[in-house]
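Worksheet: one structure, shown below.
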């Protein structure tokens, strides 16, 4: 069957405003979700789960959050790692200090704390714009790094400053095998992705984009920059915080602030750049790309070397990784500044017309 | 009291070094509107080149005059940096004309990664030595006045002197040479500059080369202080608040911003740090900048931004 | 689609055929300066309900600054603005918008990243009340709200005859159409006073005619009061009821078109610049 | 252009699959040693020689004919000293080539993360000379083996040495000792013991953190200048160490009053400081730089002689190289011990190796036989003590090489044991783990 929308008439605005107006898309996405929930756990082995799928999901969630701030509201942030850290440590403290704190609640509370901190560091955005703001957000990054290293209370007085959690469970479902973890993350991510999508397509979403595209005009039609920017910071940091909590609880199990260093912030930024600013879908593309690439290179380069009969050391591989990474980022910015998501939609446009382009 | 002075001097010294890196940022931002995150990576790259050439040349050409080795290495490293500048213009910026600032910032982040990887592939990731004969031993002043005297690090003293010289040289270059004028013209208005026949791409190559030069100098000084090693590229993070504090477009801003931050950091770390746990200088600079920006969103010396409709 | 729109009832005030009413907006002794530069000095004029009021003047006369003062983008150093009896030293854009003043922009200020519908929908934001959580869940109140306002927006889209471009990102539209979307966004606010900043600048004859038609229709159909900045004297003289003339930030003339046309200062100011 | 890039991508993909395939079908007749190393990033200068030593010993063991005939296979994975990369490496290697034998994370951060995962995967973790000190208690930490000593031992021994120099513990009263530490779990680990000791002997302890990677130390040393401590303990890693020494030179702090932990006392730390570092002391985790050790000579002949050496020839015998070498040996000996119980000439599982490590009995004779005469002292582990020994010496840099400047020390368990117990119990409580029963210890 061709990829077509003709013959699909919208008889109500509801129908016209759904996330995927085209039937084929709806089918495709449902199929995808089904695969993610059923097929992947059946097929993927433990390594794939732990090293690729789980990190991918969690980082995709973080990227999603960041994308709301940067992609939709146009406020550059280099402090994402910090907000993840806040989420993680807050959730940790709730779990160790309150007995029988349910995991989900802990995660959400972590997100809330992150949101508060996010708003706090978002306040400058009301006066500071663009690059200046970008650098200002680094303050959040370094301050939080320091706070979690120094202030013993956050780490429950662990001598080394490293904290750990275990025996996770939700409603009696103990999450310990990678498969449980995967499904749990997948569930969380799916829900958040849906909620986020709803937000960006309702009026608050339009306010964010209005501020991003032309803040003066936005003000003139009655949008309050304060409200728009701070909600963006809050929502973004909330999601990022939850992602951070997942990263610590589900993926690492034990972590120190270095797990949420500035490199993480950049990594997330790259995800949304490569994936596509202002696109929910893009966050996932970007995350997939950046999670898989280094692992792939790690495996492929030595193999490639051995094919041509020279032995490539791990040092060279990771240097090469740096280079390829940098090169790819530049490449994307030059070829498609709107990222994979745009390529995707262009592809769809083409497909829609295929095989008769005129 | 003596100790306070000592700390302040120490702060000024390291401040001078920050501004050296910050200078690179400002030059490039002025002339091409690019916020060059790669400055740190360029410092590392330049330093690596310098260090390794200084090792290789004597070995290759079979002489052992350290001076000669350093001079040759310096020349070679400079050539490398110019080549890098040229490539960046050709392969990256030339293709990103008229993109928004954020896109360009991203591009330079990409360049950062590339240079980090490339530099270490070419020159190795061990820790290397740059020895341009800066004295390492401390210097004690006013010992009569304060018990223990005021310690000044000779090496820093030289470094600061070099940095100052560089700044002066650059300002002369900008004020009095034809190229300098062209650069300023471009800085003021790209289109206008183009319309009177100043070739943008050439100007950019020049600016990036100059930035490469400052990177090299910074690299040599830091390198001889700390040894040439991957961590040098993290200097960018030290210079960022300096640039922003000074205002992206102002050379004096970079210098004064550097000094302010240098002093602020050291004083806070030494006098405030012990009470709240130490290790605060890393964020102190940024938080300081944050508050300055709240009062002056364009930094201390930046041009004021007015929204027009 | 159309059938549905008909079924929706028009929520804008459907005024009877236009007749000039009382003073709705009065500007008193406004002065505005950027640093040393005086943009406006001691400007006063009034706008009556349902009329079309033109502000003209050579480039840099301070016309746009005047509008920016009225809808709170700039804060004048002196003077006051009276709107429906309430007097303000200066207002913030939000208040102005809430009081029913809408605005289009000289050099387009559309939201480039959004499509036509969303741009116009954004004009409805003031009227949308559902909170973050409701929007995140969408199902229920938020969705109903979206539907209602979407219907209204569709009405505007039909009015401006841009149905075909509903889902096109505004960035891809030709200039003339972007101007229409800009107008549409302003109309979506159901304004009482509509400030138009050179709505016809850079248009060809047909586009200008269309735009004139829209302006006039808005004015009669909805009875919206219109304050218009325009360079094209022809247009101004045809459609406006009264004209204010600014030059170098000072008011040099005020009155009915033909009166103004005869004013020697105006002629002086315009010598060579009239077209 | 597009096509080309596509084809390249395809090629890479193919290669990737190939590599996966080959590794998957490697016969499980070999004992697989995963190698988590860092040859890049801020800590590469120290990571590289360690990795080279580690790999060389595995190669050497094969050259010697394997462990009772069982050949060793190994694969490196670059962690860059980053926890999440380390976890990924662990996940990637733990299942490969018939299952990982034992992991050396070589990063306290990664150790913490793996400590949570190892019990599930039944793979022992050797953290020789680092990791979490309380993991000495094998009754709680069944899978961790901080062989040959922990940071608490290190700190204790340094203090012993200082007190000896001063002429007795009581002489420490009123002395000032500053700890300059890498601001990370690694650097913080010794603090509890130092605090404990400072209470016992009444010296005052100044804690001065240095943020990663440690190139910004001016402020730290200004503080040193300010309260002029009698001794400085250096708990750095990577570039931080050499920077500290340079700052010491710059602020004129006497190097011979500075004592580094065994990770802050190797060639890369002092090499580019040269004469400036003369007189600087550091702990030697049993071995120091051992250019004349039998095992080193063997490596040179059997590997470098045949051009199979991993790193440069000159590096063989250097401190961190020896560290890697000896730690590989510990893992290998664990396997050998396990074979004594579960069958000689068989490939041991992680679980069996764990038993081997827990019942390690390396007396001097065995060590000498392995070529470690004069390099290492006996190590014997048990359920209660996963550490086996706490032997260490102090060595001093003379501007060109490291020379031993003290006799052997052993950490004072009277002080450390209770602390271990307490910390281990706290951990057990948090994790709701039961202490192991004697029966379990036999198994």
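Per-chain numbering from 1; labels A, B, C and D assigned in written order.
Please note the rule applied: contacts are C-beta pairs under 8 Å (C-beta built on N, C-alpha and C of every residue); 3 or more make two chains touch, one makes a residue touch a chain.
Only a predicted model underlies this, so the values are computations on that prediction, with no experimental measurement involved.
Q: Would you kindly say which chain has the C-alpha centre located farthest from the C-alpha centre of subunit A?
A: C
Q: A-B versus A-C: which interface comes out with more C-beta contact pairs?
A: Counting C-beta pairs in contact for A-B and A-C gives the edge to A-B.
Q: Centroid from C-alpha atoms only, then distance subunit A to subunit B, rounded to Å. What do you get?
A: Distance between chain centres: 33 Å.
Q: Centroid of subunit A to centroid of subunit C, CA atoms only: how many Å?
A: Whole-Å distance between the two chain centres: 40.
Q: Measuring from the mean C-alpha position of subunit C to the mean C-alpha position of subunit D, what distance in angstrom results?
A: Whole-Å distance between the two chain centres: 73.
Q: Can you work out the whole-Å distance between the CA centroids of subunit B and subunit D?
A: 37
Q: Can you pull out the residues of subunit B that are in contact with at least two other chains?
A: Residues 120, 125, 277-279, 282, 307, 309 of subunit B touch two or more partner chains.
Q: Could you list the positions in subunit A whose residues touch two or more of the other chains?
A: In subunit A, 146, 149-150, 216-217, 220, 315, 318-319 touch at least two other chains.
Q: Would you pick out the residues of subunit D that each touch at least 2 other chains?
A: 39-40, 44, 48, 183, 209, 211
Q: Any idea which subunit D residues touch subunit B in the complex?
A: Subunit D reaches subunit B through residues 39-42, 44-45, 48, 183, 207-211, 213-216, 218-220, 222-223, 225-226, 228, 239, 242-243, 246, 249-252, 268, 271-272, 276.
Q: Within the complex, which stretch of subunit A touches subunit C?
A: 12-14, 17, 195-196, 198-199, 202-207, 209-210, 212-214, 216-224, 231, 235, 278
Q: Okay, in this complex, where on subunit C does subunit A touch?
A: Subunit C residues touching subunit A: 4, 71-73, 93-94, 96-98, 102-103, 105, 109-114, 118, 121-126, 128, 130, 132, 135-138, 142-143, 145-147, 150-151, 154, 185-186, 189.
Q: Residues of subunit B touching subunit A in their complex?
A: 35, 91-92, 95-96, 99, 101-103, 105-107, 109-118, 120-121, 125, 237, 240-241, 243-244, 248, 276-280, 282-283, 286-287, 289-290, 293-294, 297-299, 305, 307, 309
Q: Considering only the defined contacts, which subunit D positions touch subunit A in the complex?
A: Touch residues, subunit D against subunit A: 11-13, 15-16, 18-20, 22, 37, 39-40, 44, 48, 76-78, 80, 82-84, 87-88, 91-92, 95, 108-109, 112-113, 115-117, 120, 132, 183-185, 188-189, 191-192, 209, 211-212, 423, 430-432.
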